[in-house]
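Once you scroll down, you'll see the structures, which are given as structure tokens.
Here come two complexes built around chain A, the first alongside chain B, the second alongside chain C.
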Partner chain A sequence: MHKISNSVTKKDHDEKVSGSVKYVGDYPQIGMLHGKLIRSSYAHARILGVQTPELPEGYFLVDHRDIAGENIVHVVQDDSPAYADGEVHYRGEPIAMLVGPNEEETTRYARLTEVTYEVLPAILDVEESETVFFDYHYERGEMEQAFSDADQIFEEVFYTGYQEQVYLETQGMIAEYKEGHVTVRGSLQCPYYVHGAVAKVLGLTPDKVRIVQETTGGGFGGKEAFPSFLAAQTAVAAVKAQGKPVRVVFDRREDMEFTSKRHPSKSTYKVAVKDGKVTAMDIDVIFNAGAFTTLSPVVLQRGIIAAPGVYNVPNVNVRGRAVRTHTVPTGAYRGFGAPQTFFAVERMMDHIAKALDVDTLTFKRAHLVKQGDQTSTSGIYHYPVPLPAMIDDVLDRSGYLKKRKNYEKAGIERDRHGIGLSLWFHGAGFTGSGERDFIKAKVALQKTADGKVEILASNSDIGQGIKTTFAKIVASELSIPYEEIRISNPDTSRVPDSGPTVASRSLMIVGELLRRAAIHLRSEWREGEAQRVEEHFVEPEFMIPFRLDDFHGDAYPTYAWGVAAVEVKVDALTGVNEVVGCWSAFDVGTPIDLNVVVGQMEGGVLQGLGYASMEQMNYDKDGRIRNNSLSDYLIPTAMDVSHLDVQMHIEEYPYGPYGAKGAGELPLVGIPAAYVAAMEQAVSFPFSHIPLTAEETLVALSGQSAREAQKT
Partner chain B sequence: MVNGYAPSGMREALDILSKTSAIPYAGGTDLMIQEVPADTNYLFLHRIRDLKCITVDAEYFICGACCTYTELLNSRHTPDLLKEAIARIAAPAIRNTATIGGNVANASPKADAALILMVTDTLVRIQSKNGVRIVPISDLYLGRGQIDLLPGELITEFWMPNNRAHLPHSYEKVGGRKALAISRVSFAGISDVSDGQITHFATAFGAVSDVIIRRPELDALLIGKSIEEAKVAKEEYLAKMDETLVPIQGRVSAAYRKAVCMNFLEDFLAKNGI
Partner chain C sequence: MKNEIRFFLNEKEVVYTGSATARLLDVLRNEFELTGVKCGCKEGECGACCVLLNDQLVNSCMVAMGFVDGGIVVTIEGYRKTNQFRVLDKAFATTAAVQCGYCIPGMILAAESILSRNPHPTAETIREGISGNLCRCTGYNAIVKAIEIAANEGEGLW
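Here is the complex of A and B:
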């Protein structure tokens, strides 16, 4: 392993361990106003009026009429208002904000504010949606021929549910407006996304807008697009507050019910098999986008590109749609569309193997992509695919082969055992040509006259350790002790736009820019002089340009790889299971800090297990999410997996720093498929959806279809 | 701002309770998360040593109402059945402060320690300024969150009969996860079978209805019978239990609760050779 992988004390270790670090909610109350959002009570309605109670001095209402710029929060497209104007499209959509000096009183006045509505019909079910926000399609090979030549054709539908990020710190923002300039400080992943959104809503030129990332207690994608909304709403309030800062911090219920979460999906797979091999996949993916487009186009792109899995299938036809419903807009969550389709394709391959009466792992191995093969979008896997070695490693550590054989006999005891395995990748960085065409990342290193070096980049440390890994890279190239490298939370008035903290890109793309900047500085180093060097993104030459109109080319420069075996023990009396162990292998290239990466991998695995099992969230017939508390929406505890065994494999990527690739999202993506494979073996029943509950498992044990039971 | 009294002795506590509407506060793990009017008064019980005893005499295992779960887990006197249930409550931080008295007084059908007190026919010692009364725990529950305590009364001790506390037993809990999980279904059973004769048989079901379900009159169908006779009575017993268990819909469906309860019951019968 490269020596840079050796772990160091994280940059934020002391302040977090001691509890001295300040989050948005920790700043003193003095002089601060509180904002409380007034939200729609209906999934779809026309607003007839908003009536506050009589407000004492210092309390005021903010709504769309207070917006000086455009009432649009820019994400990818421009369809989402900051404050609803005339019509609301989901339950909880912000209509106005009540602002005042006392938090309890502000909340009380917000509750007493009456909104009158004309209720309109709401569409909650994707099957009934009349609006397709995005409809993508790509095709490769000769589909018709492959299906007409097929020995057998298999068809199945797969479903996945919501998943809520449950970052420890809820969404929070502080905005202050003085002398024509606005400063917004908040819990966020992407300072420059917020910067653009706030400037547009306030109608200010970019130089009058300053965004500062405060220490952020977790994001997982939930603070990618959403903070742009809260920042815009709070900034509008700050303009009206005339110099006083306004703070909005969500309570947990508000956060769980009304912020973005993972897209529920329905994926239909139709697969042609000839001579025991998959020759064609015809795939139809539908994501529930919720009421506005937000990040759905890019989530859907990643989802459908991953839809054929890690398999070399010569003929592929994929259609993906993100449809509108009158529900909370869905958005980014670790994996970004890929967990949905990887769940589907891995289940599909297992089910086909079962139907063909062949060992599922042998079947999958016979289809694996390798270096030089075409990707689903007619790009190329330019670098080695280490899956075979990773599979061997997981088999070895988990005892999979022996267990799989032993557990194959249907159990009669109270404990039923099963083990399952899944294979997956995660495309590293933005999908397509986003880095080259939109982000155009830029970083800087600032050196003082006395030789102190500061990193200037807009990527935020949201717990994933980017301050630490960036500093390690720069320290390594400059031969300066790591402890002496300075890096602060990004402030748009000081740092260039190195892009958002998303898509497992920060380390691979921005880390490499910093490495090059450090080499640059080293070569021009002048003692006793202040210096500044900048570095800009350059697309690697090997890339086959990606075209979004027909999904053609390299969607990603390289891929991170994952293999996991999950073993379960199911209680036949209750349907409750215990995850006996999870053995996984991950290739993220060179880990820039082994502790950081292993921590990421373990956390992601646990999130994947939660997604597949206990994390249940749904809306009722009025479009209301009821699982909005931590006692109703359970996430796994450390007790829920007794044995979590992670091993790193290193396939260096020459264009990432020291060979590093994307890491953050990878571990979650394929875990649900392995978990459900284990459950299938344990209870001898085919499952095609997540989350898979104890209740459904018990029904399956009695032989009835789980989904049918759920419906009754 | 929290208002309250922190008496150092029982007499003082009961005196305060007789004169005010202060809410007894033991571990506080349920109370501290409740929204209450600003003028709410609490009677903090942590300084009263009498409420912390754990002991056994010839007839009973006795524990004070303010014993924490951790204290009960650490005591050699605590019966295994009670320890099994306590070990699966919440997580260590909660168990270090939550009390068995609070678990009972909260009157939740999901109370895990209370389920064990129910199945063992534990007696509850209740004290007020005017005296003491001792009642079977099953008489205490009136409904969800409702408990038969008069103003001024305080639960002080639990007396678990030794001839119930150490019988062969079965304890089951279905939670949403392995820790920090509120019961979705729970079951406890105890039985005394010697020389093929059933001398005692008791079952209790938690988290399925408004109160913990205990049906001694149905369990009595099996008591005094030989195993062979019990096998004959089994069908009637299961049918009557099936009738009496009418679960409510919650985080899991009523049908699921029912199925799991009956599975637990049949499993317990099977373990006893019935």
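Here is the complex of A and C:
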């Protein structure tokens, strides 16, 4: 292993372990106003009027009429208002904000504010949606021929549910407006996304907007696009507050119910098999985008590109649609569309193997992609695919083969056992040409006259350890002790735009820019002088340019790889199960810090197990999310999975720093498929959806289709 | 009736004169500015607001001030001055158990609660002991490992 992988004490360790670091909600309230959003009570309605109770001095209402710029929060497109104007499109959509000096009183006045509505029909079922926000399609090979030549054709539909990020710190923002300049400080992943959004809503030029990331208590995608909304809403209130800062911190229920979460999905797979091999996949993916487009186009792109899985399928036809419903807009969550399709394709392959009466792992191995093969979008796997060695490693540690054989005999005892395995990749960095065409990342290193070096980049440490890994890279190139490298939370008045903290890109892309900047600084180092060096992103030359109009080319420069085996024990009387163990292998290239990377892997695996099993969120016939608290939406505790065994494999990527690739999202992506495969073996019932809960397990044990039972 | 609640907070005797039904969490954060006590859910589910009350680990959002009268409260701000904290601090650093950090003050006090009852806990005991403290980042392995290391390193402290 590279010596840079040796773990260090994290940059942010001391201030966090001692409880001394301040998050947004921790700053004293003195002199600050409190903001409480007033939200729509209906999924779809016309707003007839908003009437506050009589407000004492110092309390006021903010709504769309207070917006000096455009009432549009820019994400990818421009369809989402900061404050609803005339019509609301989901239950919980912000209509106004009540602002005042006392938190309890502000909340009370917000509750007493009456909104009158004319209720309009709401579309809540994706199948009934009349608005397709995005409709993508790509094709490779000869589909018709493959299906007409097929020995057998298999068809199945797969469903996945919502997943809520449940970062431990809820969304929060503080905005202050003084002398024509606005400063917004908040819990966020992407300072420059927020910067652009706030400037547009306030109608200010970029130089008058300053965004500062405060220490952020987790993100997982939930603080990618959403903070642009809260920042814009709070900034509008700050303008009206005339110099007093306004703070909004969500309570847990508000956060769970009204912030973006993972897209529920429906994926239909039709697969042609000839001579025991998959020859074609015809795939149709539908994501529930909610009421506005937000990040759905890019989530859907990643989802459909991953849809054929890690398999070399000569003929593929993939269609993906993100459709509108009158529900909370869905958005980024670790994995970004890929967990949905990887769940589907892995279950599909397992089910085909079963139908063909062949061992599922043997079947999958016979289809694995390898270096030099074409990707689903006619790009190339430019670098080695270490899956075979990783599979062997997981088999070895988990005892999969023996257990799989033993558990195959359908149990009659109360305890039923099962083990399942899944294989996946995660495309490292932005999908397609985003890095080259839109982000154009820049970084800088600032050296003081006394030789102190500071990292200037816009990527935020949201717990993933980017301060630590960035500092290690720069320290290593400059031969300066790691402890002496300075890095603060990004502030747009000080750091260049090195892009957002998303897509497992920060370390691979921005880390490499910092490494090059450090080499640059080293070569020009002048004692006793202040110096500044900058680096800009350049796309690697080997890339086959990606075209979005027909999904053609290299969607990603390289891939991170994952293999996992999950073993379960199911109580046939209660349906309750225990995850006996989860053994996984990951290749994210060179770990820049082994502790940091393993921490990402373990955390991601557990989120994947939660997604697959206990994390259930639904809305009712009025479009109201029913699971808006940690009592109704369960996430794994320390007791849920006690044996979680992660092993790293290293396939270096020459364009990443010291061979590093994207890491953060990978571990979650393929876990649900392995979990459900294990459940399927334990219960002897074919499952095609997640979350697969204890209740549904019990229904399946009784022989009924779980999905049918849920409907009744 | 005199509405005065006296208690020991991080080894100092303090007086609180507000409502006896106020939440300990709010009083600690707002009156005493002890913001190391985090608010994660305010319904006793997440453990981010854990403090020690009379040596018991409690969710401070679920404790009414009236209940605190005459009691001894320790928050992370007080606990971080102890030798036990120094051992836990180092162990958490060794395994990089601190990611976003929001659960950590509660988690550290949960670790103290475990170790003060059982200086040499099994991994299973540790998992049970922190099961009221949610962490969304780590998958818990690094935290369990850190508490095991602290148990070994802190010989005689607990």
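Here, the second predicted complex is superposed on the first by the 712 of 712 C-alpha atoms of A that agree within 3 Å, B and C clash if a C-alpha of one lies under 4 Å from a C-alpha of the other, contacts with A are read in each partner's own complex, and residues count from 1 in each chain.
Note that in this section contacts are C-beta pairs under 8 Å (C-beta built on N, C-alpha and C of every residue); 3 or more make two chains touch, one makes a residue touch a chain.
As the structure is a computational prediction, the values presented were derived from the model and not from experiment.
Participant: Which of the two partners, first being chain B and second being chain C, lies in contact with A:T9: first, second, both, or neither?
Facilitator: After superposition on chain A, A:T9 lies in contact with chain C alone.
Participant: Is A:M32 touching the first partner chain B, the second partner chain C, both, or neither of them?
Facilitator: neither
Participant: By the touch definition at the top of the document, which applies to A:M639: first (chain B), second (chain C), both, or neither?
Facilitator: Once the two structures are laid over each other on A, A:M639 reaches both partners.
Participant: So, does A:T574 touch the first partner chain B, the second partner chain C, both, or neither?
Facilitator: It touches chain B, and chain C stays clear.
Participant: According to the stated criteria, A:L698 is in contact with first (chain B), second (chain C), both, or neither; which is it?
Facilitator: Only chain B; A:L698 stays clear of chain C.
Participant: Quick one: chain B or chain C, who's touching more of chain A?
Facilitator: C
Participant: Should A:G19 be classified as contacting the first partner (chain B), the second (chain C), both, or neither?
Facilitator: Once the two structures are laid over each other on A, A:G19 reaches chain C alone.
Participant: Looking at the overlay, what does A:M614 touch: chain B (first), chain C (second), both, or neither?
Facilitator: First partner only, chain B.
Participant: Would you check which partner chain A:D251 touches, where first means chain B only, second means chain C only, and both and neither mean what they say?
Facilitator: Touch status of A:D251: second partner only.
Participant: Touching A:I519, do we find chain B (first), chain C (second), both, or neither?
Facilitator: neither
Participant: Chain A residues touched by both chain B and chain C?
Facilitator: Comparing the two interfaces on chain A, one with chain B and one with chain C, the shared residues are 631, 637-639.
Participant: Show me the residue ranges of chain C that touch chain A in the complex, using the header's touch definition.
Facilitator: Residue positions touching the partner: 29-30, 33, 35-43, 45-46, 48, 75-77, 80, 88-89, 92-93, 95-105, 108, 123-124, 126-128, 130-144.
Participant: Which of the residues in chain A come into contact with chain B in the complex?
Facilitator: On the chain A side, the touching residues are 414, 573-576, 578, 614, 631-632, 634, 636-640, 693-695, 698.
Participant: Using the touch definition up top, name the residues of chain A that touch chain C in the complex.
Facilitator: Of all residues in chain A, those touching chain C are 7, 9-10, 12-23, 25-26, 28-29, 165-170, 215-220, 251-252, 462-465, 593, 595-596, 598-599, 601-607, 629-631, 635, 637-639, 641-642, 644.
Participant: Where on chain B is chain A touching in the complex?
Facilitator: Against chain A, chain B makes touches at 91, 172, 174, 176-182, 185, 251-253, 256, 259-260, 263-264, 267.
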